[in-house]
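Shared between the two complexes below is chain A, which has chain B as its partner in the first and chain C in the second.
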Partner chain A sequence: MIEAKNVTKRYGQTVVVDDVTLQLPVGGITSIIGPNGAGKSTLLSMMSRVLPMSSGTVRVDGLDVTTTPGDVLARRLAILRQDNPLTARLTVRELVTFGRYPHSKGRPTVKDREHVEQAIRHMGLDALAERFLDELSGGQRQRAFVAMVLCQDTDYVLLDEPLNGLDLKHAVSMMKHLRHAADALQKSVVVVLHDINFASCYSNHLIAMRDGKVAFQGRPADIMRPEVLRAVYELDISIQRIDGDFIATHYR
Partner chain B sequence: MSASSVPLARPERTLFVLGCVATACALVFLLVDVGGQWDFVLPFRGRKLATALLVGYAIGVSTVLFQTVTGNRVLTPAIMGFDYLYVLIQTCLLFFLGSGTVARMDPRLLFGVEVVVMVAFSGLLHWGLFGGARRSLHLLLLTGVVLGVLFRSLAQFLQRVIDPNEFIFLQDRFFASFNNPDAHLLLVAAAVTLGVSLVGLRVLGACDVLVLGREAAINLGVDHRRTAGLILVLVAILVSVSTALVGPVTFFGLLVSNLAHMLMRTYRHVLLLPAAALIGAVALVAGQVALERLFAFDASPRVIIEFVGGLVFITMLMRKTPV
Partner chain C sequence: MKRFTLALLVLVVVAGASLLVGVGHLSWSALVSPTPDERAVQVLVVSRIPRLLAVLLVGTSLGVAGLIMQMLARNRFVEPATAGTAESASLGMLAATALAPQLPVLAKMGIAALFALAGTALFLLILQRIPLRSVLVVPLVGIVLGGIIDSVTTFFAHRMELLQSVNAWTTGDFSTVLRGRYELLWVTLGLTCLAYVAADRFTVAGMGESFTTNLGLRYRRIVVLGLVIVSMVTAMVVVTVGMIPFLGLIVPNVVSLVMGDNARRSIPWVALGGAGFVLVCDLLGRVVRFPYEIPGATLAGILGSLLFLHLLLRRNARVG
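So, the complex of A and B:
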């Protein structure tokens, strides 16, 4: 389980994440939603020890992320951030193989190679495996990075806006892949999403943030209500029930 | 499935070819036109060759490592002012202690002191690079260029105000070229380089991961702060070695590291670092041969290196591709 306790991030006088205490459920997909600047990405970065926090503690399965050695955590928790600049020319397969680094320290075994192939297949990258990342479209690149993180084979997978830059088809397939990772591979997936309808349709649990705090959390049925979304987004949003899913219409 | 189905072996093959070229250059340098006095010529040329190899290694490896840690292909330790800091330290020592005192000091002790100051500077740089908010590459580049100019100007200022005799001493003493390498210093430098390389071997795998950037490296379990800090210390020591032996060369490292990346086309430092070292060595040895045989000591290879390197540097800055 990932537990955040009184987690705060300050930049000078500005408080970005304000004293958040939170327990993320084990298993399934948990989506963090909220307007720009709510502190979603910052919270995710701190929970995955990529960003040091100003105060508070985060524990992953009881291990404090600030004091636990990085390689121990790397076998339990994986994070993918929004933009991943690369200075080197890597093929998709080379990138995905990096996901095995916490297990093999740069000397992949036969079993590691199997994991790599599985992750490549899982993300539908078979045809692109030998291509260089700088020859790929933004969406293909994104899928390659997600494959790397899945290949890391951790119980917790944290993704910061994995749908960024994906077209409809690939966005749907990405969410289906994540659903599959949660259901078939028993992973706990935590995603920051901007599209609340994707969040509503694919998540087990929603966390709505606003002004650096957790404003609401619960099942999609609890969060996908006009009055709740109004408080989070300051927007009149009507909710439709379509085929069992709660769909927000907020375009007019 | 023809011969083109072995792209995996390509970097290894390039490395092998580089090794052959380097050996050939070394042999030509050692053996061509000896003319009788073998017992004098071989050790004499051997020292020169060792200096060139050591400097090529130090510059090549330090530049590639530095660029890996900073995540770009334009910045080099030399451009960030490392080399001129070394010159400044030497000039300060002479200025404040006088040539008499400095001459009586053990060159190895001097070297040690200078290395310590260099490492301290790299610590400062580490803090500036990775402490607090992320800095933009252009800000860093500017800082580096300004620091480089500052160190150089300070050193030149001190060199102007000291006694002319002391200045000559400084030039003789510290700007040894390939033509009169100091045997003691050479030995110390070789030992230091070996030590650095042994320590470096332990972080070789982590270097590959650093290519993915800070966040991804942390995600994969690399202690980024420690690894980057350690690598910057190693870089500072290697720069000290090369500057102590032949003085500052601003753009040589940039040329070597980009050539290495271009030829090898791999992110694996196991292959990349030897390639950079070999390219550096080949360039220096071949340059020395050309200097001695073709130009009869008339031209300075440094001028040519700086000219070509400067052009590459400007081209890289002008290109719109992300650096």
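So, the complex of A and C:
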């Protein structure tokens, strides 16, 4: 279980994550939603120890992320950040292989290679495996980074806007794959999503953030309500029930 | 792998041929005959072979040092000569020569390496502080920093009448290499091997701090390891033959274009390419104005700047 206790992030005088205390459920998909600048990425980065906190503690399975050795955590928790580095020219396969680094320490075994090929296949990258990252489209590159994170094969998978730049087909297939990871492989998946309908249809638990705080949380049925979404997004959103799912319409 | 073997073979052949080029006449027949010419063997052992080894060691290690710098600064346009590293090493040598002239070369080299370490760390710190609007700002910062350090060196060297020594440190020249005066460079081979062992770490660090943290590695440690390798290599090269400009820039960039930035794959090629580049510069310097010599660094500057301009224009064409 990931537990955040009184987590705060300040930049100078501005507080961007404000005293958040949160327990993320084990197993299933948890989606974090909220407007731009709500602090979603900041919170996710602090929970995955890639960004230092101003105050507070985060524990993953009881391990304090600031004091636990990095390689121990890297085998339990993996994070995809919102903006991915494009400084090194690696091929897709090389990048995905680095996802195995916490397990293989740079000497991939046969099993590691299987993980790599599987992740490449699941993200539909077979034909692109030998391409350099800077020779891919934005969505293809995004899938390559997600493949790397999945390849890390951790119990906790944190993804900041994994659907960023993906076309409809790949977005659906990515969400289905995350669902599969949660159901069949017992992973705990935490995603930041802007498409609340994907969040509604695929998540077990929703967390709505606003102004650095957790404004609401609960099952999709609790959050996918006009008055809740209005408070989060300052937008009139009507909710339809279609085939048992709560679908928001907000285009007009 | 096959291509690498082939390239290595070419390098070996050119290196072998380079042994025969020089003011004193040498030929293989005189050397390998049952009664070898004493004088020829002497020239070979005392001068030609040490020179060749120095060329190869400098080329390999400076190339790899450039690659590491580029990964640590996450910028393609930096190398020890454009990041204040070489200038700091010269300043360190000057300080050691002026304040403790009785120290053995190894100790002076150590001081130069410490200065280089401090200078390069300062460069990386400055990079963290300033907003980077363009990739070209990074090497500009390094060049400015290097210029400032260099002017301090020149000021004191002028006062102490050590300008000639400073010139020897900043302009790489292999004509003075003799047996007994280059052996320090063997340490750079060890550092190059160390870089190869840590290759994956450098690749990961090249993807940024949070990427590194996510994979369970300590970014700071990798940066320190890289800085130590780069500083020691630079200091040793500065002390023994003098700095070779552009080498650490051109070779890693060309290799990156062809085979990407996975250091595990690219380090052997950068090492080979660096050795080849210096060998060609040194050979050209010896034959262009035969029997006089042009310093290898001068030719590296000319060849390197042309190649660099080409790369720069090409990159811009790709981006824009």
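Here is the rule we use: the second predicted complex is superposed on the first by the 252 of 252 C-alpha atoms of A that agree within 3 Å, B and C clash if a C-alpha of one lies under 4 Å from a C-alpha of the other, contacts with A are read in each partner's own complex, and residues count from 1 in each chain.
We adopt the following convention: a contact is a pair of C-beta atoms (placed from the backbone, for glycine too) under 8 Å apart; a residue touches a chain by one contact, two chains touch by 3 or more.
Computed from a predicted model, the values in this text were never measured in an experiment.
Visitor: Specify the outcome, clash or fit, for chain B and chain C once both structures are aligned onto chain A.
Guide: With chain A as the common anchor, chain B and chain C collide in the superposed model.
Visitor: Quick one: classify A:V96 as touching chain B (first), chain C (second), both or neither.
Guide: After superposition on chain A, A:V96 lies in contact with neither partner.
Visitor: Under the stated touch criterion, which partner chain does A:V50 make contact with: chain B (first), chain C (second), both, or neither?
Guide: A:V50: touches chain B and chain C.
Visitor: Does any part of chain A touch chain B in one structure and chain C in the other, and if so which residues?
Guide: On chain A, the overlap between the chain B and chain C contacts is residues 45, 48-50, 69-75, 78-79, 81, 85, 87-90, 94, 98-99, 101-102, 106, 152.
Visitor: Going by the contact rule set out above, which residues of chain C touch chain A in the complex?
Guide: Checking each residue of chain C against chain A gives 71, 74, 200, 203-204, 206-211, 213-218, 256, 260-262, 264.
Visitor: What residues on chain B touch chain A, complex-wise?
Guide: Those in contact with chain A are residues 67, 71-73, 133, 205, 208-209, 211-213, 215-216, 218-224, 261, 265, 267, 322-323.
Visitor: Within the complex, which stretch of chain A touches chain C?
Guide: Per the touch definition, chain A meets chain C at residues 45, 48-51, 69-75, 78-79, 81, 85, 87-91, 94, 98-99, 101-102, 106, 132, 152.
Visitor: Would you pull the chain A residues touching chain B in the complex into a rising list?
Guide: 11, 45, 48-50, 69-75, 78-81, 84-90, 94-95, 98-99, 101-102, 105-107, 149, 152
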